[in-house]
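Okay, here's the structure, questions in a sec.
Chain IDs A, B, C, D and E follow the sequence of writing; residue 1 opens each chain.
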């Protein structure tokens, strides 16, 4: 398979879902079964992705394939010469891996939805939306430039808006869609500013060109500080899309969407786009930016984890867990554990999609009951779902033999190493803490849902195992949550091809003095420049490698212990009921309430930002109507005072004379009218006086 | 002892052929009135015929420049020059149109038995105006002014049984009497200062010797009172709204155009001939340093237009509104004089043509509407747009032109005024004038609002318009629109009319 | 007392002029207003003749005065006719009561 | 102080005082009579200024014509039966102030002016000279006055007739 | 070079139509409507012809030779003695990359508005006659190159607009109409003044070598054409160029409308009938920004450079202020009207950047705003026709009742908030990229980006309030789009999508011109500073 062929294949993968979207949307009304077209398309895309993955990783493992085309030609721009704005696609290991994940999960969700969404009024429309989502996501993955990234970034926002608000008759659903879009836009503003900085500095959007210019010592506004700022601003996009603190509030609400959608976009793909963005721009991140990213990641890992501890909605728990896991990834990137972070992205995609689909299966079985306190004992009724859910729970808790163990441990290892190299132990500390909490709340969820006695017997009676089209995706994902696909050694991910050959930490392009010490290149600067575009292994410095190796065993043991502890506590609380949970909650009531009420983020944002904006807008509208208009219209108050003296004035005002100059003019006119008394002798007196005045002026 | 030279008279009479024709017309009208005791519908046509002859004679001598009734070289009572001829032509045409008005007017028809007097007075008035436009002697100025005034006092009160007609004429006569009295007093002082009543002579006398400032200023200002009264410039405008409202519409129209034109012709001639020192190649006048005419006219014109526009905002009577609007237009016209340049005069002339057409048109429509509705109140115009679409659209065009919006002739008139101002670097004045235009839009558009936007209060019945009035309106609308987009002939006419005798 | 000269006559004429205006402005009766106008015209005539005499300007001044007198007669005739007409329509000749035309 | 001066002051006093009464007397008929004295005084002043012809015209036209006209006006517009034909005044205060200021300016300016003053005896043949002016230099004005009188005639008749 | 005078044709065709309509009896409403449709349709075809024969490589701006479809002949030629009264005015039409998009826009929007006007039943004849007159005025503004002609066209559209709002508008139509009229006239008198001032300051060399004063805008752009002592001449050390610029700018800004001169807009929009709102927002507002680009910038380049920060500042205020005001509205149409204020702010911001991206973005945004806002107003019109209310709170759940309509609504709304793939995105991004590239206004640009957030806020909120949620009982009788409405929405939607995906189609039209403009502005800085040494 030649490179052009691969490009064409990539383009096909990109545009097939769009075709699916258009066809399904336009003929959705007429042809009942048009959704099958969309499903066929996505299967085709998946096959293409597999072929691409295979080809790329087998034959072009160290070659990046780029194809670009000029989208907009700006002509002969003064000072810059001929300028074009290019768009193009980049096929490298990261993108093919990502595309594989995206198309796979998308396909599984499509299949899962066939039964899950059956009978919905807008059945075909739903599949159309899935199509446009897949298209947008694929675009993000394949882009080789920042502009296209932004374009598809926004399109993903749109499709998520459409999908979250799919059941738009429900106010909560359309609210959630709106919230998701707007909160995302907040992050996008930062990203846009970052893009503006990049473009004004480099006059290109293409990553590789930007990187090589940075490596050549050309910075935004000629200062390294602004390079840091650029990095942080771009990362803002990721904060929004990946629902990182403090913009995480939209994701739990987004659970209003159909559950398969949650699995697709709010677990596996769209939210991962933020992480993917950071992965893409990783080379230009300075130590300051990385530190910022790490802190945000840490907070995002921690806060939602605490919230997830107490939630009762099955999907909410998963949502907060998603944020928390994404926080892990972001933190991992922040501490320089690039490979592990991306690895976690992939593994998490599978098991989190599995969890969501599993919960979908449960919800489907329970007739759209989502409260876990009303479930229980479903293990017997839904064995497949239970089994797959259990595997996923183990994976997310980081229990050995699962994929989650491999990737999560990598991140913890990275933060451990980071702590040891820089002294910032906080990341490692929080990482481990969250690992324990994760284990706890996942098993709390599992136990309450599947174990014990059924709490709602009526619903329980009707519960049943899901049909094949729903169970199959669960099985596939469960299989993919096993370690074997990634590495032969369940305790060391780096022995697998994925980490040793496919994912490689890119060469940083930031200046040496704005990197962490351990990241400083030991190669001469000019060599570094040449290596920018090459996909060669870079492992920062010798000391980092050592620290990482040193961290492996301690972090592994620690995380295992903590995860085990978390599971143990969960079992003792909910399965064996050793501790009265309600009593415990009572005894730490403030903390419990804080967690249960999601740290009051929604309330605070609602009051401060939404309320503030609305208040401001109302104030301005009032201002506009009364003050601005009033000022331009002349002194309305003066006029009103005058109107008391002249009854006629009111008539005229009513007559439509509420007008600009008219107020003042009318007033002046009124003065002039006073002279026109109708008495000719008065006129003559006035003439005499004006003559006197004229003579005085001109004497 | 002086000897009387017959040649002196004959030469002079040759130059005042239009005036002679007018006098003959006057006599003819009186005679026809006496002979045709019952049927007087020929009278207006006799008058028009006489006027056509006059027009012919005027055109014949249009570019002549000469003194008539000379007593010494380069002095004369009467001046025949293109400038004067232009105004005479304008007045003659306005008169013809007003006669047509009168034929159509219900108000004039009421006094059918006094038609002869009506036209006789009118012909006396036009004769006075002709002489106003061409006299260079203060005595003649005064007498011709009085001739115009006396006729117009009576005409303003023509329908003597109407309360407002007689009131208008009383106010007019009192106001006019005192104005001309004050003017006469000023003339007497000027005479005392210079020993002459001839403007050219006065000019050369002032150039030759120092004249005492203050008295001279007093005299000039007092003389200006009489002219300011005629052109209704503030603060001598007070009669205008009352008289315009009270008079029959044709007379109002006539006063607002012909009488004003004559007044302007007189004013310009008086200022230019009396006070000129030299004219520079760019056409700017250098006046004798006697009185700061520029500032004087700036004050007067801004006051006039501001007052006219702002007071017009409040009017509910269409005639009164047009009266104030004509005051405002006098202000714009005076702007042309403030520039004190030939360019300014040209602007005034252009403006006058345009103003004449559109103002006559507006009054004509108002009259036709009044004929039908029996009302001039703007409130009664509600819904006229559907009842009488042609009249309404015509009025709209005239009012838009009065506002000065392109592509109507009104815009061209304003354009030239403002060009003159900008060229003279009088930007602040131009800004004030332009803002005035914006104010004026409001009251003009208010009329249109009533016509088109308001729903009729009474039941709708379509008002028919006679063929004669339609033709007549079309005749007036055509130049308003035509000059708006192609004004070369207009400017050419003005250009050939700016030369005053002697300068 | 100084020799009577031009200025004395001018004072007389100015006084007459001022009184004329005063009369026009203050008297209610329209006929009396007309009387005021006549006073003004007379004052101007005094000026003309006085200037002509003292400035030795010839007879123009007198001719002017002559014209003015004739004009005054004509004006008075017309004005009185108008006043009579007013009396017919308003039943009064008080100028200040004739104010139906106003803003 | 010679006779000329005394006569001047006499006439001036008659003129101004009677004019003052014209303006101030409440009885209209009285003020018409005061107007007679004013005209008479003015005629005297004309004579003093050597304008004998004009003085005559003044007497004939003003006293004989205009004044009678005015008196008729008074009579026709008032109920003769009422003994007291009175007329009030308006605007007295503002008018007085305005007129005083105006007259003040006029006087001040005129008083301070250096008028051309040539001391010559009055020429005897005023009438002849005027006549010559009328048919020579002022022919047009003269003719025009004719038309004006015609117009006044027509106008007045038109206004006044029933 | 002789060819068909297409610009005159496209400009005066509506006038011909108007005259024809005047001769059609009042009762033949359908004929009148069809005739108007045909006329505007021909206009669209003519605009497409122009597009087809347009030479992309010619710049225009200040170079008369690179304008296209030029029609130039003496219109007014009055010889003078001395110089007094001499006046020469050319009938000078021509287009370059700045005007072509707007000519196209005018043709399209007018055509769509004609379809939208089909529902007019009151005085049909008058409506369409005025409508066509308005059309001529708008088209003329975009093709005139002589200032005088430009001004005539500029004013020509005032009166029809007044009547169109005043007679066929909503309950407070009279107030809105007169407010519109007075505001815009207030602005245009300043333009008139500056026009005259420029006339007396700039000359044009005739074929025989004599120099005469000129209204030719292109001649005014060359500083060497200015007279020594003209009040607006840069050669004159005491010139009033700064004041004149501000006057001129205010004149145009009122049309944009720029804060704080914008208050006429919400009133006019709310009261105007749908089709007229469409024209107002779609074309009329563009006249202001076009005027600034065509007149203010190239004739006063050095002043522009001085004041660029303020222009950007007002652009920013427009963006934020308009968006916030929109958010508070309860009237659907008023909301859209304020969103126009906000969107036109982008145009100003883009222009202020004085670089290729910014100015291209500004012009492109003008076009896009024209199509998108036209669509938004049509959307309001559709709902108002059916429900007779525009109260946002009164609706809910219309998506269920009118799915196709809601589809178009979604498209238009997302276009308005700058979603990629739709045309608004490209222009807004260009504006930001351009403005951010100009160091002086960088901070303003960053603040302006808030506008897209607020835009998303109010648009989505509206979408939710009106279309999403559960359907209210009283709206169950509403019907979905009719064929006529499809005919309005589909072309606009296609344009919006096409330009979103392939913006080059529009951008390449203007590239050369924009680049020459940027170059001209940059060169002018040097040129004018050297002139100051005179």
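Descriptive notes on the structure:
Keep in mind that, in the parts below, a residue touches a chain if its C-beta (ideal position, glycine included) is under 8 Å from a C-beta of that chain, and two chains touch if they have at least 3 such contacts.
Only a predicted model underlies this, so the values are computations on that prediction, with no experimental measurement involved.
Chains touching both chain B and chain E: A.
Among the chains, the centre nearest to the mean of all shown protein C-alpha atoms is found for E. Ranked by separation of Cα centres from chain C, the top chain is A.
Taking the mean Cα position of each chain as its centre, D sits at the greatest distance from chain E. The interface with the greater number of C-beta contacts, when A-B is set against A-E, is A-E. With centres taken as mean Cα positions, chain C sits 26 Å from chain B. Note on chain placement: the centre of chain A and the centre of chain C lie 96 Å apart, centres being C-alpha means. Mean C-alpha position of chain A lies 102 Å from that of chain D.
Centroid to centroid, with C-alpha atoms defining each point, chain C and chain E lie 65 Å apart. In chain E, the residues that touch at least two other chains are 174, 178, 182, 186.
In chain D, the residues that reach two or more other chains under the touch definition are 90-91, 95, 98-99, 102, 105-106, 110, 115-116, 137-138, 141, 145, 148, 151-152, 155-159. Shown for chain B are the residues that touch two or more other chains, namely 139, 143, 146, 150, 153-154, 157, 160, 169-171, 174, 178, 182, 189, 192, 195, 214, 217-218, 241-242, 311, 314, 435, 438, 442, 449. Pairwise, the chains that make contact are A-B, A-C, A-D, A-E, B-C, B-D, B-E, C-D.
Taken in their complex, chain C has these residues touching chain A: 21, 24-26, 33, 95-96, 98-103. Every residue of chain C that touches chain D in the complex is listed here, in rising order: 1, 3-12, 14-23, 25-32, 34-36, 38-39, 42, 45-46, 49-60, 62-63, 65-67, 69-78, 80-85, 87, 93-94, 96. Taken in their complex, chain D has these residues touching chain B: 105-106, 108-110, 112-116, 132, 135-141, 144-145, 147-148, 150-152, 154-159.
If you check the complex, the residues on chain B that touch chain A are 170-171, 174-175, 178-179, 182, 214, 217-218, 221-222, 225, 235-236, 238-239, 241-242, 291-292, 295-296, 299, 306-307, 309-314, 435, 438-439, 442, 449. Listing the residues of chain B that touch chain E in their complex gives 281-283, 342-343, 346, 386, 400, 405-407, 411, 415, 418-419, 422-423, 425, 427, 430-431, 434-435, 437-438, 441-442, 445-446, 448-449, 452-454, 485-488, 491-492, 494-495.
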